[in-house]
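Both complexes shown next keep chain A, but they swap its partner, so chain B is in the first and chain C is in the second.
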Partner chain A sequence: GPLSEQRLMDVRLGHLPMWLAICDFSPQGLLGGVQKAWSSYYNKYINVKRGGPAGISMLLAGYCLLSYGWNYQHISKISFLVSM
Partner chain B sequence: VLHSTRLLHTSQQCSAPVPPLPEKGGEVRHGLIPEEFFQFLYPKTGVTGPYMLGTGLLLYLLSKEIYVVNHETVASACILAVIIYAVKKFGSDVAAFADKLNEEKVASALAVKNEAIKDLETAIEQEKKEQWRAEGHSFLFDAKRNNVAMLLETNYRERLMTVYSEVKKRLDYQVAMQNLKRQKEQDHMIQWVEKSVVQSITPQQQKESIAKCILDLKALSRSAQAAA
Partner chain C sequence: MNLSFFDQFASPCLMGIPLILISTLFPSLLIPSRNNRWLTNRLSTLQSWFINLITKQLMIPLNKNGHKWALILTSLMTFLLLINLLGLLPYTFTPTTQLSMNMALAIPLWLATLLTGLRNQPSASLGHLLPEGTPTPLIPALILIETTSLLIRPLALGVRLTANLTAGHLLIQLIATATSTLLPIMPTISILTILILLLLTILEVAVAMIQAYVFVLLLSLYLQENI
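And then the complex of A and B:
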């Protein structure tokens, strides 16, 4: 099908730059992309009859990683003087 | 201007009936990594590939101090242990409770639907009964028509009877009048005749008649004497 309508996982590696060029980076486009991603995640892992801990645990793990990445600058400055 | 012939729903989407929710969510291994990742690496590295990748990544992060080991590591390890213990121990109970809540909701909705269906079915029954009753109306009207005809007949007969009796009364009166008149005429005539006869007997005629009677009587006595 047309390249602009394929999802990221379906794009072939050679077509990736072209796909990135076609992609819609306006605020509405980004918002739409975020909404699509969230709705696909929600419908796959949370909005089911018998879900498990996987749905929110992945969200929490992602949050942990993201916050670690944001605070890396602060964490990496280990003060040796405190332990002494 | 809204063209009334244009279809209102132009897209294929339709919200009713809502498709049912999938039974299970996407497969996730160890609660953190989706199964697709393992399937993605399986053709090239087999079963142990992702685990080797994970171990190598972990050692790299630790050795390069990209992941710093400090007090937070210990705290997070303890919290993770508690969370995993809680999930393993109480997970099934919580799941059963949530399932029970869902079941109750679905059961109440189903009960409402069944109630509505039952009410509509009783309404259908009553409708059919009413239709059957309406069919019987023709018999009712026939009976009523018969009643009315009978009333009319009785009324007519009564009036006929009244007419007959009235006419008979009048005719009887006329007959009685005629009889009375004739009788009166007869009586009057008899009286008049008697009176006139009595009047016509003058004293002269009376004497003559008495003498004649005496003569007749004498003659008779003579004949009787002669016979005897």
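And then the complex of A and C:
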């Protein structure tokens, strides 16, 4: 289909800058993008017939990594760990 | 060195976006919204069972009018439970360690129960200030005491949650620091400290769940008196 309707994984590498230019960066557009990303993750890993702890664990691990990134500046300055 | 242990409770900010915003909104991702299927996925089934259990437990002592509070009490319980438990993961931020957030939850809800009682049944609500069977000379003192205890309830609710969670996190950080500092010096003592840390973490998981439950239970008790 047309470039604006393709998802990120289907866009060819050469067309990537153009896709980024066409992309909708308004608040509604971003919110819609987040919604789409979340629902694809949810339907692929959590909303399955015989799900296990894996789907949620990946989400929680991602949350831990995000928190680490958010805290990095503060963590890097802890005095007794700086030398290590 | 002493004050740096409290730095974990400062709300970190990256590019102007505070982490507390993400930490408060993240639990909503873990609760899938209901879809129209008869047999949902395992996560939704577990959560439906759990929410039914909580709602039943909370609503049994309340009369019909009190059942209007089912939604807010159950959602408060789920919110606090998830936030407390998520705070035990490494590097995460727990919004309920901030007194401001807990008071923002406690004061309006307590005030709502109080005003409901004063509006619908004013004499019965005021009657709670004097327990039955008190000797007559004691009445003025007892009314003052009961009023104080009534007014201190929101403060107690907020501070209880804050203090329990903050103390737990602080203890975990202190013992973990001790463990990592002792490891090159005395490995056997370090192993002992690791055991203490394991037990403490189990305790903290229990405390996280119990504190959420106590908060909501007390609110429902205050509601029972007033509705």
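Rule of thumb we're sticking to: the second predicted complex is superposed on the first by the 80 of 84 C-alpha atoms of A that agree within 3 Å, B and C clash if a C-alpha of one lies under 4 Å from a C-alpha of the other, contacts with A are read in each partner's own complex, and residues count from 1 in each chain.
By our rule, contacts are C-beta pairs under 8 Å (C-beta built on N, C-alpha and C of every residue); 3 or more make two chains touch, one makes a residue touch a chain.
Here the structure is a predicted model, which is why all the values come from computation and not from measurement.
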**Message:** I'd like to know which partner A:66 touches here: chain B for first, chain C for second, both or neither.
**Reply:** second
**Message:** Between chain B and chain C, whom does A:78 touch in the aligned arrangement: first, second, both, or neither?
**Reply:** both
**Asked** Given the touch rule stated above, what does A:4 touch, chain B (first), chain C (second), both, or neither?
**Response** neither
**Prompt:** Is A:35 in contact with chain B, with chain C, with both, or with neither (first, second, both, neither)?
**Reply:** neither
**Request:** Would you check which partner chain A:57 touches, where first means chain B only, second means chain C only, and both and neither mean what they say?
**Result:** first
**Message:** As a test of reading the superposition: which chain, chain B or chain C, is in touch with more residues of chain A?
**Reply:** C
**Request:** Kindly classify A:45 by the partners it touches after superposition: chain B alone (first), chain C alone (second), both, or neither?
**Result:** first
**Item:** chain A residues contacted in one complex by chain B, in the other by chain C
**Value:** 46-52, 55, 64, 68, 75, 78
**chain A to chain B touching residues, read off their complex** = 44-55, 57-58, 61, 64, 68, 72, 75-76, 78
**Message:** Per the contact definition, I'd like the list of chain A residues that touch chain C in the complex.
**Reply:** 38, 42, 46-52, 55-56, 59-60, 63-64, 66-71, 73-75, 78-80
**Prompt:** Within the complex, which stretch of chain C touches chain A?
**Reply:** 1, 4, 7, 10, 12, 14, 19, 22-23, 26, 29-30, 32, 41-43, 86, 89-93, 177, 181
**Touching residues (chain side chain B, partner chain A) in the complex** = 21-26, 28, 31-32, 34, 65-68, 70, 72, 76, 87, 91, 95, 99, 102
